[in-house]
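Below is one structure; the comments refer to it alone.
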Amino acid sequence: MNVKTLKRLLEDIRKGEMKVSEAMERLKTLPFEELEFATLDTHRSLRQGYPEVIYGEGKSAAQIKEIAKRMKARKENILITRVDCVKARAIKRAFPKATHNTVARTVFIKSHRIKKTGKGTVLVICAGTSDIPVAEEASVTAESMGNDVKRLYDVGVAGIHRLFHRKGDIFSANVLIVAAGMEGALPSVVSGLVARPVIAVPTSVGYGANLGGLTTLMAMLNSCASGISVVNIDNGFGAAYVASLINRE
Amino acid sequence: MNVKTLKRLLEDIRKGEMKVSEAMERLKTLPFEELEFATLDTHRSLRQGYPEVIYGEGKSAAQIKEIAKRMKARKENILITRVDCVKARAIKRAFPKATHNTVARTVFIKSHRIKKTGKGTVLVICAGTSDIPVAEEASVTAESMGNDVKRLYDVGVAGIHRLFHRKGDIFSANVLIVAAGMEGALPSVVSGLVARPVIAVPTSVGYGANLGGLTTLMAMLNSCASGISVVNIDNGFGAAYVASLINRE
Amino acid sequence: MNVKTLKRLLEDIRKGEMKVSEAMERLKTLPFEELEFATLDTHRSLRQGYPEVIYGEGKSAAQIKEIAKRMKARKENILITRVDCVKARAIKRAFPKATHNTVARTVFIKSHRIKKTGKGTVLVICAGTSDIPVAEEASVTAESMGNDVKRLYDVGVAGIHRLFHRKGDIFSANVLIVAAGMEGALPSVVSGLVARPVIAVPTSVGYGANLGGLTTLMAMLNSCASGISVVNIDNGFGAAYVASLINRE
Amino acid sequence: MNVKTLKRLLEDIRKGEMKVSEAMERLKTLPFEELEFATLDTHRSLRQGYPEVIYGEGKSAAQIKEIAKRMKARKENILITRVDCVKARAIKRAFPKATHNTVARTVFIKSHRIKKTGKGTVLVICAGTSDIPVAEEASVTAESMGNDVKRLYDVGVAGIHRLFHRKGDIFSANVLIVAAGMEGALPSVVSGLVARPVIAVPTSVGYGANLGGLTTLMAMLNSCASGISVVNIDNGFGAAYVASLINRE
Amino acid sequence: MNVKTLKRLLEDIRKGEMKVSEAMERLKTLPFEELEFATLDTHRSLRQGYPEVIYGEGKSAAQIKEIAKRMKARKENILITRVDCVKARAIKRAFPKATHNTVARTVFIKSHRIKKTGKGTVLVICAGTSDIPVAEEASVTAESMGNDVKRLYDVGVAGIHRLFHRKGDIFSANVLIVAAGMEGALPSVVSGLVARPVIAVPTSVGYGANLGGLTTLMAMLNSCASGISVVNIDNGFGAAYVASLINRE
Amino acid sequence: MNVKTLKRLLEDIRKGEMKVSEAMERLKTLPFEELEFATLDTHRSLRQGYPEVIYGEGKSAAQIKEIAKRMKARKENILITRVDCVKARAIKRAFPKATHNTVARTVFIKSHRIKKTGKGTVLVICAGTSDIPVAEEASVTAESMGNDVKRLYDVGVAGIHRLFHRKGDIFSANVLIVAAGMEGALPSVVSGLVARPVIAVPTSVGYGANLGGLTTLMAMLNSCASGISVVNIDNGFGAAYVASLINRE
Amino acid sequence: MNVKTLKRLLEDIRKGEMKVSEAMERLKTLPFEELEFATLDTHRSLRQGYPEVIYGEGKSAAQIKEIAKRMKARKENILITRVDCVKARAIKRAFPKATHNTVARTVFIKSHRIKKTGKGTVLVICAGTSDIPVAEEASVTAESMGNDVKRLYDVGVAGIHRLFHRKGDIFSANVLIVAAGMEGALPSVVSGLVARPVIAVPTSVGYGANLGGLTTLMAMLNSCASGISVVNIDNGFGAAYVASLINRE
Amino acid sequence: MNVKTLKRLLEDIRKGEMKVSEAMERLKTLPFEELEFATLDTHRSLRQGYPEVIYGEGKSAAQIKEIAKRMKARKENILITRVDCVKARAIKRAFPKATHNTVARTVFIKSHRIKKTGKGTVLVICAGTSDIPVAEEASVTAESMGNDVKRLYDVGVAGIHRLFHRKGDIFSANVLIVAAGMEGALPSVVSGLVARPVIAVPTSVGYGANLGGLTTLMAMLNSCASGISVVNIDNGFGAAYVASLINRE
C-alpha cells in the first residue's frame, strides 16, 4: 500500500463505498507495508547516482550473471566486487562492455554516465604495494558512486617523506581513505595533517603476528589522532561507501 | 622560522647583508620548522570554533587545572572529558563559571559563544540506559564543537518500535552517532534506514562474554549494513570529533 | 494511536467530519505507532503472569526504588536481580514486604499471587557449591515466572554418582537448566540422560586459565551431546527466561 | 542384563536354582548394565519418530554407507548431514531412493512416513543468502524429526522491513530458529517481537574480523533481548534438535 | 543399598519372604546406589593417608570452620588451601593446634600422624622468588599426602648454573614438580636432565604480555621436551595431587 | 673429556708429566664436556627399552629414511610418528619388516624384542571415533615403550553408560590416557572414578567454536577433578611418553 | 631540490637574478623536498655496504626480475628473500650468477665484493632442525650485510649440553640471534650466559596450541632474562637487520 | 670450587698429597661448580659499571631494604624499579642519600660515581605524556648503567612535526628507545629516519580495545620498518638494558 492507494481507501470510506470494518481489516497490515514504503523511498533517494552492487565472493559466475541481468533491467550501473579473473571473464562474455579492473578485482557494467554526487575529492592513500588491491577496490567503488577520486599509493610511514611530497592532494581532499597493513600507522600520521574525516581500512597484509589483519585493525582503533573511524579488514568497498555518503552534496 | 622571517632572510641575501653559506646553514633546519608551520596552520584553521580538549583520565585535578589555565590564556573554549565528580568540583573552584555534565563526565569552560560550524544536525542515538554516559559524552562534545545535536536515547533493538517513533529525527539528521553495548546491533538497523554516515560507538556495557566491549566492537565492524564506520570502545569523544568533521560547512 | 482511535478516525471520515488530507497527515506516522501497538500487544500477552524485572547491577538503590515504585503502580510483581546486601536492605525499607534471597542476590516484591504458567517442572542443576548463586538466580526467576522449580545442586561430574541419585527428578523434568563452571562438562552428561531441552549456563567459577567463564562457555557450545543450547556467562536469569518460554502452556 | 533376565535371576533364586553367592557375583556388574538399560530406554522413547543421524564430515562415502546399512536394518529413517555432492552421489548409488538436499548438504533415507511429533510450527529464519545452507540444514533436520517447518530466508536487519512483512508467520510460530552471520543482530530483533523461545545459530559467514563466526557467536550470547539461547557456529542440526525437543507434544 | 543389604534381599527371595515383583521394584534404583557404593569404595582406598581438603578461596572463615568441624569428626587430617592471614587466624582460634604456612597460604589440622604413601621423593622446583607461594602450596600438599618432599627454589633458566648445583636432588627424585612464570622454560630444561615424570605448573607471575599466566601455560604445553604434563595456572595443589598419585606405592 | 681421560690427566700431574698450569688450561672447558657426559649417561639409562623416535611431520620420506638408517646402526627399535601413507610406503621399501599402523599414522622398525618396562597397564580411552587416531598414536607409542596397553575407544560422556561397562579395565589400570575433543569432559569423569594418574589429551576434533582444540585444551586444564594433567593438542605421543615414565618399574 | 640547486637559488637572489617573491614560491614546497633529501642522505649512508632487498613472498617471478633489473642498474648487491624453488630458478635464468640458498629460501645477486661493515661476529643459534630455515635466512642476510656470521644450529634446551659445547663461539660473539619455536626458552638460557645483546626470533614451528608461533613470541617477550629483544614470528631477515645495525663500526 | 681451590687440588696431586681416586671424587661435581664460576665471571665483567637492580613490584619495603642492605655491602650502586611513593619513603629512611625519581618510580642508591660504559648517546623518545613513566624508567636505568641519555618526550605521530624539530638529537643517537601506547606507530616513523637500532617499548596507555598494551605490542612487532626490535609491555628497564649492551664500548 502506498500513498495513492491509502488516499483512495480513505476517499472510499468518505463516499461510503467502503465499510469502516473492512478498512480496519486492510489497515491491520499497514505498519509493515508502510514501513517498507518509507524505507524503500529513502533507499531510492539514497541510491540516486549509486550503482547496484554485487558482492562476488562465494557466488558462482552463473549466479552473478543471473543477478546482474535482473539488475540490468532497471537500467542502473552495476558494480561487482571480489571477482577473480575466471569469473570476470565469464561475466564479460555475458556483458561484453563491462570493464574489469584486475587489481581491484571488480567488474563494472555501465548503463549510463555516472552522475557526479560528490562535492569534493576522495583521496585514497595506501601504505605499501600489497595494500593496493584494497585501495583500488575503494577507488573504483568511490568513482562508480560519483566521486572524483585521487590515488596516493605506496607512501608508508617507514619512508614518510614520500607522503609529504603529495601535500597538495592531501590538504585539498574532502574525505580521505587510508588503507594500510602491518602496524597500521599511516591513518594516524595522515589524520594529524588534515582537518577532514579519515576512514581507515586495515588490510590483511603482513606475516607472523599480524593475525590476518586483526593487529592492524586494533592499532587503527587505538589511534592517538582524532578524526579517524575504521571499517572492517580489507573492506575497501565499505570505506568508499562511507566516504561517498560524507562527500554527497 | 615562518613566512615573514624566511622573506627577510631572502631579502638580506639579495641586499648582500647575509652570505649564501650562512643562509645555507640556517636553511638546513628549514624542512622541520616549515613543516611545523604548515601543519600548525592547517590545525589552526581546523580548530576555528573547536574547543581545546583535555583528556582527564589519569590526570590529577591539579594537572588539569594547570593545563586549563594555560589554555585559557588563548581565550579558547575548553572541554575536559573523563572527569569524576571530585575532580570536577576541584576544577569548578578554579573556574567558577565552568559547567559540569555529571552524566557525560565532562566539564566545559566557556570563553566565548560557540561558533556554529556544523551545517546539519548530529543525531546521537543509544541503545540502553547504561550507554547514556558514552552517548552524552558524544553529545556534549559535538555541541561544544559547534553542531546542533539531537538526542535519541534508550531505543535498543529488542524493542525496535521505540526507534521508529522518532523517524523524523532519524531521517533529517546529517550525521548519526550510534552508541550501543551488548550485541551492538543498533547501528546496523539505523544504517538500513538512512542515507547518511553512521558512526558506531561500541560501549563496554554488558557482562559475561562481553569482554569489556570487544564483542560489541567486533560485531559493529562486521555489520551487514553499508555506511557504518567504527571508533574505539566507549569513545564518545572520538565519534563526535569525526561527526564534526563530516558536518562542517 | 490504537485500534479505538483508528476506528474513530475512519468513522469521522465516513461522516465527513474529517478531511482526507487531514487523515492522511495523521496516518503518516501510523507505521511506527501501529508497530508499537502490535508489539506491545504481543508483549502484554507474553508478560501475563511474568514479573516486571529490574537488572540491579550498575544501578543505585535510589534508582532501583524509583523504578520499582513506578512499576508497582501497574500492580505487577517485581523481580530485582543482581543486588548486593546493602542495596537489598535499602529496597526493603521502601518495600517492607519484599523478600530478599541472599544467595541468588534477588529481591522480589509481590503484588499478587504468582500465576502458574508452566506446564511441567523446571529442574535447576548445578555442578559445585560455587555455582549455586547462579543456579539460585535461575531458580528464583523461574519461580517468579510461574514455574514449578526443583533444585539439584552440587552434583558435578567428578563424583557423577551424586547426579544419578536423583534420577527421578532428572527423568521427570520438562526443562532442565544446568549451571557449571570449570570444564563445563555437566550439561553434556545430563543431556545424554534425558529427552528434554537442556539450557546450559556457564559460570565464571574457576581460576587460572578459566578466563572468567569463557573456557566454560566455549566447552558447553562444543558439547558432544545434542539437545543443549547455551546462554551467557553467569546469566541465570536468561536461562530461566528461556526455560519459562519453553515451559509455558 | 535387562528386566527380563533380572526377573529370571530373581526367580531362580526364589526357586533355589541359583545360589545367593552366584547371584551376588552376577549382580556385581549390574550398575553398569542397568544404567545402560535405563538410559537406552530413555533414548528409545526419545527417538520415537526421530531419524538416526550420521554426521558426514570427516567420514568417507564408504564409511557412511556402511553405517547407514547397519542402521537401515533397524527400519529407521536416516538423516546424513554435512555431505558434499561427491559423497551424496555415492550414497545415492547405494540407496537409490535417498533424497539429496544440495543446499543443506544432507541426504535423507526414508524407511517409513515421518511421524508428526511437533505440536506447533518451527520457523527457520536467516539473515542473508549466505546463511541459507545453515538454515536449510536446520529446516531439513526439523522436518525429518516430525515438525512442521516454515522458512523465512534473507531478512537481515539492514533491511528490516522485509522481516516485518512476514509478521504472521513470526507471531504464530511455536519455536524460532534464527541463523545469522556478520554482526548477528537478527535474533535480538526477532526475540523482541515474539513470546516464544528463539534459538540463535551463528554462521561463519563474513570476512575480515569475523573470526570464522566467533564474532557472531559472541554477539548473540550478549543479546540485549531475553528469550534467546545459542548453539555452536554453523550448527543448524543442533538448533533443530533443540527446537524439536521444545516442540514435542 | 550396599553389599550386605543386597545379600539380605536375595536371601529373602530365596526364603520366599519377599516377592520377585517387590524385589524388582527395589532393584530399579540399584544402578545408582551401586555406582555410588563402587565409587566411594574406590575413593576410600584412594584417600587412605590423604587429608581431607578444603579449597578456601571464596569461602568465609565461618564456612571453612563449619566444614572443617564436620570433617574433623571423621578423624582425618585436614588441609585448607588458599587462605589469607585473616582467615587463617580465625581458623586457628577454632583449631589451636592447626599450623599455618603463610607462604603457601595453607592451614593444616592434624588428627593423626601422616601415613607415608609415597615410595620416592617429590622434588618441587621453582624458577623465581615470586613463584615460591605456588611451589610451597605444592610442597605442603605433597607432604600432607604422605610424600617425602625436597624443595629447590629460585633456580630459573637465566642463571642456569644454580639449577645444576643441585644435580643430586634432581637425579634422585621420583617425581618432579616445576613451577615457573614468565616464559616458563624451566620444565623443558629439567625434563631434559631426568628420566622421571615432570609436572609443570605455570604461575601468574610476570607483567606486560604475560596475560595472567596464559603465556606461561601455553609455552609449557609447547615444550620441546618429552615427559612433561601440565596443570592449570597457579595450581600447586593440583600438581601435588597428581605427583602423589604417581608416587604412591 | 670423560672419566678415563680425566683420570689419566690427574695421574700425569701426579707423576709430574704435566704441569699444573697446563692442566688448568685443559680443565677450563671441563664443565661443558662433563655436563654432556653426565647428561648423556642419564639419557642412556632412560632410554633402556625405549625406541628411538622420529617425528615425521615436516620431514620428507628421504630425510626420514636417512635418519632411520643411522639409528638402525645402533640396533635400537625405531618409532616414526606422523607419517602419511605415501611416506609410510617409501619407508617400508627401505625397511621391509617395518609395520605401518594406518590409524595411528606410525611406522615401527623392530630391531629386537620390546623389553617390558612398565609395571602395570596403561589404559588408553577416547571419547569419539574421530579421536581414535590420537588415541592410537598414544597406544602404539606406549606399547613400543614396553607397556601393556588396553584400549577403550568411543565412550564419550553423552552416552556415559558405555564407559561404565568397562569398569574392570578402568579400575585396574595403573595409568590412564584420556583423549577427547569437543567439550573435553571425559577426563573429569574418568578421574572421578579412579585413584590413578590421568593424562588428558585434547584433540582438535570439533567444529565451530572449537578453535582447533583450544577449547578442549582449556576445558581439560579447568577440570573440577583432581589427578589430571594435560599435554598439548593431539599429542598422543607425548601422553604415552609421560605415561611410560610413570609406569616404569 | 638538493643542496646544489638550493645554493644556486640563493646565489641567484644575491645576484638579483631572481625575485624574492619567486624564490618564496619555489621554497614553499621545500619542507617536503628537503625532508626527502635529508632522509635519503641518511639512508644512503645507512646502506653503504648493505644490499638492496626484495621481499619475494606474494610477488611473481616476473615482478621480482623486473625490480631486480632496475636495482642492478645501481650496481648494488641484491638480496631476495622468501622465494621458493620455482621462482628461484626463474630468477637464476635472468641472473645466471645469482646464488640460491634453498634452506634460507634466498637468492643473492652479487655486483661487487661485500664490504665488511660489522666489527664483531654475529652468532646465529637455533633450537631445532625445523628452525633452521629461519636461522639460515638470518645468517644469509647478516652475511650479505657485511658481517662475519657463525652458525650454531639444533641446540635446544631439552638437551642443553649441546649448547654448552660451543661456549667459545657464544662468549666471543658481538651480537646473538636466537631462533626457536615451541616454548621459545632458548633465548633466556643464552642471554643468561652472555653480556651481549640477544635478538630473539620466534618461529612458527610447533603444533597443537602453538598458535602459529604466537605462543613462542609471547614466551620470548616474557623472558626472565634481561638483554633480549624480540622481532616478529619467522622474521629472520628482520633479526639480521637489527643485528647488523648493532654490529656496525 | 674456584680457580684457587682447583689449583691447590692439582698441586696436592702433583705433590702426592692427594690420591687420584680422591681427586676424582671431588671433581665429580666440578661441572656444576665450574659452570657457576665461568658464568659468574662472565656476569661480573658484564656488570662492571652496571648497578645491582631490584625489581620492586610485589616486594614489601622491608624486603627491599633487606636485599639492598646485603647488596650495599658489595659497594655497588643499586637501582630499585617499580616502587610507589610509600615504599620509596621507607627506603629513603634507611638510605638517606638515595634519590627517588617519582615519575620513573625508581630509587637509586649511589655507592660510587657511575662509570661511563656507553660509547654514544641513548635517545629515549616517547609518544604521549602518559608514556613518560615508562620512558623515564628507561632513561634512569640507562643513565645508571653508564650511558649518556637524551630525552625527547611527547612527540607522537599525530603531530609529527614535533618529532622533526629534534632531528639533530635523532640523527646523532647511537641507540634509540621509543616508548608508545595506543597504535604504537612512533617506532616505525623513527626507524625510517635513522640508521641505528631502535628498541620499541609498548606501553599499556590507551583505553577501549587497547587490551592492556597488547594491541600496541602487536602493532610494533608488525612494523613495516626494518631495524626495530621489541621488549615487553611497559618494560622500560628491559629496553634500557638492551640499549646499554648495544652501546657498550
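Letters A, B, C, D, E, F, G and H mark the chains in the order given here, with residues in each chain numbered from 1 onward.
By definition in this document, a residue touches a chain if its C-beta (ideal position, glycine included) is under 8 Å from a C-beta of that chain, and two chains touch if they have at least 3 such contacts.
Just so it is clear, the structure is predicted and the values come from calculations on it, not from any experiment.
Asker: With respect to inter-chain C-beta contacts, which pair, A-G or D-E, contains the greater number?
Answerer: Between A-G and D-E, the larger count of C-beta pairs in contact belongs to D-E.
Asker: Greatest Cα-centroid separation from subunit H: which chain?
Answerer: Following the centroid criterion, the farthest chain would be D.
Asker: Can you compute the centre-to-centre distance for subunit B and subunit G, using the mean CA position of each chain? Integer Å is fine.
Answerer: Spacing between the chain centres: roughly 41 Å.
Asker: Using the average of all C-alpha atoms in each chain as its centre, how far is it in Å between subunit A and subunit B?
Answerer: Roughly 25 Å, centre to centre.
Asker: How many Å are there between the centre of subunit B and the centre of subunit E, using C-alpha atoms for each centre?
Answerer: The answer is 55 Å.
Asker: Please report how many Å separate the Cα centroid of subunit A from that of subunit H, as a whole number.
Answerer: Those two chain centres are 50 Å apart.
Asker: Could you say which residues in subunit H touch two or more other chains, in rising order?
Answerer: Residues 31-32, 35, 38-39, 159-160, 164, 167, 192-193, 208-209, 211, 217, 221-222, 226, 232 of subunit H each touch two or more of the other chains.
Asker: Given the complex with subunit C, which residues does subunit A contribute to the contact?
Answerer: My answer: residues 3, 6-7, 10-11, 13-14, 16, 20, 23-24, 27, 30-32, 34-35, 38.
Asker: What residues on subunit B touch subunit C, complex-wise?
Answerer: 130, 159-162, 164-165, 167, 207-209, 211
Asker: Mind listing the subunit D positions that touch subunit B in their complex?
Answerer: Residue positions touching the partner: 127-128, 156-160, 181-185, 188-189, 191-193, 206, 208-211, 215-216, 218-226.
Asker: What does subunit C use to touch subunit D in their complex?
Answerer: These residues of subunit C touch subunit D: 35, 38-39, 42-43, 45-46, 164, 167, 171, 192-197, 199, 217, 221-222, 226-232, 237-239, 241-242, 245-246.
Asker: Which residues of subunit D touch subunit F in their complex?
Answerer: 29, 31-33, 35-36, 39-40, 57-58, 202, 204, 213-214, 217, 232-235
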